[in-house]
Amino acid sequence: MPVLDIHALNVYYGESHILRNVDLSVQPGQMVCLIGRNGVGKTTLLKTIIGLLQQRSGSVRFEAKELEDLAPHQRARSGIAYVPQGREIIPQLSVKENLLLGLEALPGGLRRHRHIDPQVFELFPVLEGFLQRRGGDLSGGQQQQLAIARALLGKPKLLLLDEPTEGIQPSVVLDIERAVKRIVATTGISVLLVEQHLHFVRQADWYYAMQKGGMVASGPTAELSKDVVDRFLSV
Amino acid sequence: MITSLSVVSCSGEKKAEGGFDGEVKVGILHSRSGTMAISENTVAEAELMAIDEINAKGGVVIDGKKLKIVPVEEDGASDWPTFAEKSKKLIDQDKVAVVFGGWTSASRKAMLPVYEAKDHFLFYPIQYEGQECSKNIFYSGATPNQQAEPAVDWLLKNKGKDFFLVGSDYVYPRTANTIMKEQLKAKGGKLVGEDYLPLGNTEVAPIIAKIKQALPKGGVIVNTLNGDSNVAFFKQMKAAGITPANGYSIMSFSIAEEEIAAIGPEYLEGTFAAWNYFQSLDTPASKKFTADFKAKYGDKRVTNDPAEAAYMMVYLWAAAAEKAKSVDDNKVREALVGVSFNAPEGKVTVQPNHHVEKLVLIGEVQKDGMFKILENQGFKKPVAWNQYVPETKGFTCDWTQKRPDAGKYKM
Amino acid sequence: MNLVNTSMPRKLIFRYLPFLVFVCIALILPLLLPPFRLNLLGRFLSLGIVALGIDLIWGYTGLLSLGQGIFFALGGYALGMHLQLQNLAPGELPEFFGLYGVKTMPAFWQPFNSGIFTFFAIWIIPALVAGILGFLVFRNRIKGVYFSILTQAALLVFYNFFNGQQRLINGTNGLKTDTARFLGELVGSDGMQRNLYLLTVLVLFLAWLLCKWLIRGRFGDALIALRDDEQRLRFTGYNPTAYKTLVFVIAGALAGISGALYTVQSGIVSPQFMAVPFSIEMVIWVAVGGRGTLVGAILGALLINFAKSLISEQLPETWLFIQGALFLLVVTALPDGLVGWWRNGGPNHLLAMLGRAPKAATYPSLDLDPELKS
Amino acid sequence: MNLFLDTLFNGLAIGSVLVLAALGLAVVFGLMGVINMAHGELMMLGAYTTFVVQNLLKTGPLEGLFPIYILISIPLAFLVSGLAGLLLEATVIRRLYGRPLETLLATWGVSLILQQFVRSVSTAFALGLLLSVALGLFVHRFLPSHWWQQRWAPLLNFVNWLLASAIGIGLAASLGSVRVLDQAWFSARNIDVTAPQWLRGSIDIGSVNMPVARLFIIGLTIIALVSVNWFLQKSVWGIRIRAVTQNRSMSNCLGIPTETVDALTFLVGSGLAGVAGVAVTLLGSVGPNLGGNYIVDCFMVVVLGGVGKLLGTVLAALGIGVLSYVLGSGSLLLVWPTMPAALNELITFFATTSMAKVLVFALIVVFLQFRPAGLFPPRGRMVEV
Amino acid sequence: MMTPILELQAVTVSFDGFLALNQLDLKLEAGELRAVIGPNGAGKTTFLDVITGKVRPSSGQVLFKGKPLIGKPEHHIARLGIGRKFQTPRVFEKLTCRRNLELAVAKGSSPVKLLLKPLTIELRERVQQLLLLVGLGAHDQQLAGGLSHGQKQWLEIAMLVAQDPELLLVDEPVAGLSDEETIHTAALLKELSGSHTVLVIEHDMDFIRDLQAPVTVLHEGHVLCEGPMDQVQADPRVIDVYLGREEDQP
């Protein structure tokens, strides 16, 4: 049974029809990659899953439960973590406080949990030195790392990553790729990844390709042929 | 004249309801909302009560025809320009025969040009600072020589020579204090300080500090604050120990029974006020007035000087109309001078300067929120142009004179 | 792009037709309305002018000034002072000075003897004050809420000052104009008031044209950009301070003119014009009419003031309830105001609710993209 | 020295009222970014609560508690204003987050309504209002549920509320003909809140005379400050509130129940206004206009202090307090009697309470020239002043 | 040798003691295309902030065509001919794409000029060209706020080009762009160099390689090394702090 199952999803911005009859599913422990050119609706899809946008029709099920009526924080608490495009760090909070916020998704939230798992610092050593700095003062790439760390701290079952490597230096990109793979392998969480870097895309198990708000192709990444890439990713 | 049209005289063909032969519209223009609503509601209620009473007795009788007085109420909204606007509306749109209205001098000053420009008639019920005498306004409240001046004389005689003046920052206190300063100069008093608080302001700590500096051992404080500031003033004065018990005599000109209830008698006990009427005035007319008012508006209500003046002026107008045999404002104006009425304060008579002769009383606030009358100085004639202030000394006003400058001329 | 448009004139007529109609109606009304109502209308139209200014700074530039009353009152005072000085005998002072023992006219009154000076003072003084205030504030990059609160504080400063200075400008009482004579005629007279009404219509129309011209082109775009992301605009080479100060000055001048017209039609200018609620109300007119629409500003000023005057005639107690509820409703349900709602297809939404299906929504950005048509 | 102490105490006294009044605003505006123009009216509700408590305890079985009625009023006022604030948040503010200028307008509307409410409320009025609200909220339970899925549901809702209000107004009007029911509870008049005996006097410490009421307020302010500080720094709510204010949607995605956070913050801020309302009854008038007297001052304090900084709020309020006292009481003239004539004249000109106010505000504007974001400006690269 | 168009001399930026830039020296010749890379937090964006006047350095000097820049307000610097694209795209969201560009081509005119001088035909055409160039031809009437992330990136690049500055400072132009568009961007920047001086910051190595430009590596606020891409790529220090080793993969 898939962790995430999306069926015939339609989403609008005002009167603009952005997602059209989208189907997608993520199996447990699977890393799924969503590709498509700029402006085809990838971010929109992730935002709908976390609940920032409301669907007009169709269904989004997480662990067989329909999400439609749940607010984002309820979805987060039920195990979906989201790393948005554009980082969305809380600028005036310190790095430490930003990380603490990641614990809100755990049962009991911040009230119960006050401990930041040092494992994240292994993955993102820069953060450790900057704990007292304001989140907004970090460099772009540091913020991106903070956003990923924050999401991981909530021990999610499903991780939504929207272009997580954007603006990150190559060595850290490699680290992130490795870390994500390792996390998927060791913890069995599922990942839905939006990515432009083919390198990262190929690490995934499965791909979906979007165009004009609709799902146009999917399959194991091993079968992600040059042809598909050319058709859906290049102009 | 337009106003005469407002008399719907049905020339006997069909009697109007309630046995009236027609109606006459009058305007009632007070703040029913905003800061001043607190005070002005009572005045409006007193006017309405007088109208009801007159109607109950058959209305205004002109040439044997009974005219019912129909009040047209407007809200001045505590905003001076609105008073001017609503005056225009009452005159132009509703074509009322007369307007009873206003409280603050600022609102009167705003309305005055409207009545002068349209040559209409306003009845104004509150004590004020004088220095004005309009053909188009009738003042039923006191002029300074009917309130402030006797009060200062009394203070000088009984309470001390060192005066501190506190007032709200607007026309009435500023002008009243100008007059009092001249009076003190003339009568050997000493001004030790003065300060003004913006209307509605409630932070009085600096003023209290000044009073303490100027009058460390007690003295006389004359309070012309108006509205909300009074509450803060008295509460904090008490806290700071500036109380009658410590040798301070505090005289207020705008604290009446109504305000005492709102501030709390505990804070005011032992302070003084000068008015032309107190609810505690022990005459049959006064008792009846208070009883009627309570019967009409509730037992907890109190009467006071402004209400009495408002009540009286409606009667004076009706009497003048009957005397003039017309509700036309020009005719009423001519008939008005000399008209008299048995008001709660006693028999009042309209003087040639469009003010009335008034009873001067000095009272002291009691525990129950009423005044004990300390001195009754008897009736005093109104003086519009102040005789202490050099600029207006020697000037007078007499609308029975047929001279172009009847409103202000050298005696 | 097709720059030559054959149907241009017709389009133009169509575009401007509503305004022609508006002007025509405005010109016919003096014949139909009794003087009192006409006077009301005239005053409310003059309030439309200050509302236009607010729309310019708030609706387009995002600067919510809660202090327009300052400029409004300054304009009013300028004209009020001039009228005080009309037909005085030489050496004579306006009457109120006597009350406070002032024997020589304060120097700043002198120039207001001149009609020409006053004509300029009415709008240049407010503009100047706005310029100084605006420059100081904008130079420091104070904006948003801080700007609003500062303008409100400035308003309070002016209010207290004017209120307290009996000896200079007659304090709370303000200056009255009805009994003054202008060009030999009593300002409060019906004939004069009708002329003033016509003048107001004319000025309002000109003010509207001015604003329209300002916002139509790239200047208007720059204002909107300023509202969106001032910093970015700076890096594009624009100096936001100059732009903001300029629109603030224009809004101030409009407010001054509006105040002057309002004063002569209501017969008095007093510090009440600088009361805090009045300036907030001005903003509300714009919000109700629809900000960023210009017509909305005028419409809002007219609608609310008429409602106020009618409702407070009938039920003085409920006006505050209604006014309060109105703001709530507009801000929550009609964030773009009446005109904005209309332009955004409000009526269509209503129809849609009633069962008439809305036009099928398409996704233009993708469907129109020729490159995407694979 | 004496003068110095006097100035300090009086400045502290004026300042502490400002702190207390501005504290709730500092929470609501500083942390949530909501410009609550109805803050003053929430204070007013607190003051009216005090009035009601006072009257209940004046006579009757609980008479013995009268001397401490003011202490009883504090938690009650917190509750009343807090709940009013909660209602305000749930019905209006909630739709306006991130649009600060709109909250200004909407809450201005609310302040008008609240003012008129205390003026007009009578039993008839209250019953009518209750009926309207009840009908508005519950009628739709009895309508077929599929109606509410239709496109025209919003219209139906609107009509429902319209009818509900009409019926409520009708009820109020018909009940209004009965004299007792029509009697306004408070009316437009100022009402009298008299401090208990022990709060009315003053004590002399050294040569400085300190009114007990002022000392009480100073104490209350300190307690309020400490509790608010605890709430924001030590409890988890502080971080949640700040997160939600700075990035609402992302906070929500992280699992923070933003609506609860908003509601709680607003409750606390409004409740503090209620407490301030209790305090000001000791000093000034209690009436429908009470709020209007404080609101601008409160905003100046918050802006001057730097948004979201409690310490800033405190310093700003004390600064304004001392400054208004020094200017308004003209004590400068006493310290330096030999100052040049021109300066003397200038100071005398401003040494009335109303002119001092002008000068204080002018000085604030000048001060902001040098520190545009207040005493404690927010810092960092994401901040755009 | 002629004066370099841009010269940073010992620029230091300290944030509460943390040195974001540390004695940074850098020179750009007119017409040059320069790539700047470096680890996250190396100070690349801060360095642009210093040039454009957003951040004031604690010490050091910035010269543009030999004239000092420090202390000048942002718009002044922009008008001297320094344009910038931000790391996270910043466009005017409430204006249509076309109007965004129309404002940019006007290069910060004074209000009066903007009011009285209509857009010339040439500039109008230029706007149209640019719209087509960045693939927003069909979006010209769309509000920029409604664009996707990548589209905003492109719009901002177009705005920068429209501004036509002598010196273009481009911070991560291709983050979030698809591969194809990345190649386009590289081509565009290459084309611009020569007539313009271009400085690009990126983390996308393919893109940097594509630019075929000298590379400066920043690390901890100062220059770590400089040289052509191949040389830099092979530098072990760069690999250590920045590139990482792919073969590390488990």
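For this structure, a couple of remarks:
Each chain gets a letter, A, B, C, D and E, in the order it is written, and its residues are counted from 1.
In the analysis below, a residue touches a chain if its C-beta (ideal position, glycine included) is under 8 Å from a C-beta of that chain, and two chains touch if they have at least 3 such contacts.
Fair warning: this is a prediction, and the values are worked out from it, not measured in the lab.
The chain with its CA mean position farthest from that of chain D is E.
Comparing mean CA positions across the assembly, the chain most remote from chain C is A. With centres set at the average Cα position, the gap from chain C to chain D is 31 Å.
Chain A and chain B have Cα centroids lying 75 Å from one another.
The geometric centre of chain A is 43 Å away from that of chain D, both derived from CA atoms.
Averaged C-alpha coordinates put the centre of chain D at 48 Å from the centre of chain E.
Among the residues of chain B, those touching two or more other chains are numbered 33, 169, 196, 198. Chain contacts: chain C has residues 160, 163-164, 231, 317, 320, 364-365, 371 touching two or more partner chains.
For chain D, residues touching at least two other chains, in rising order: 116, 119, 292, 352, 354, 357, 381. The touching residues of chain D, when paired with chain A in their complex, are 236, 239-240, 242-243, 246-247, 249-259, 378-383. Every residue of chain C that touches chain D in the complex is listed here, in rising order: 58, 64, 136, 140-142, 144-146, 148-150, 152-154, 156-157, 160-161, 163-164, 230-231, 276, 280, 283-284, 287, 317-318, 320-321, 323-328, 330-332, 335, 350, 352-355.
The touching residues of chain D, when paired with chain C in their complex, are 29, 33, 35, 37, 92, 95-96, 99-102, 104-106, 108-113, 115-117, 119-120, 151-152, 154-155, 292, 296, 299-300, 303, 352, 354-355, 357-358, 361-362, 364-365, 368-369, 372-373, 384-385. Every residue of chain E that touches chain C in the complex is listed here, in rising order: 52, 54, 73-76, 78-79, 83-84, 86, 90-95, 99-100, 102-104, 106-111, 114-115, 118-119, 124, 128, 135, 137-139, 142, 146, 159, 163. Only residues 1, 213-214, 217-219, 221-222, 224-225, 227-229, 231-240, 242-243, 246, 364-365, 368-371 of chain C touch chain E when the two sit together in their complex.
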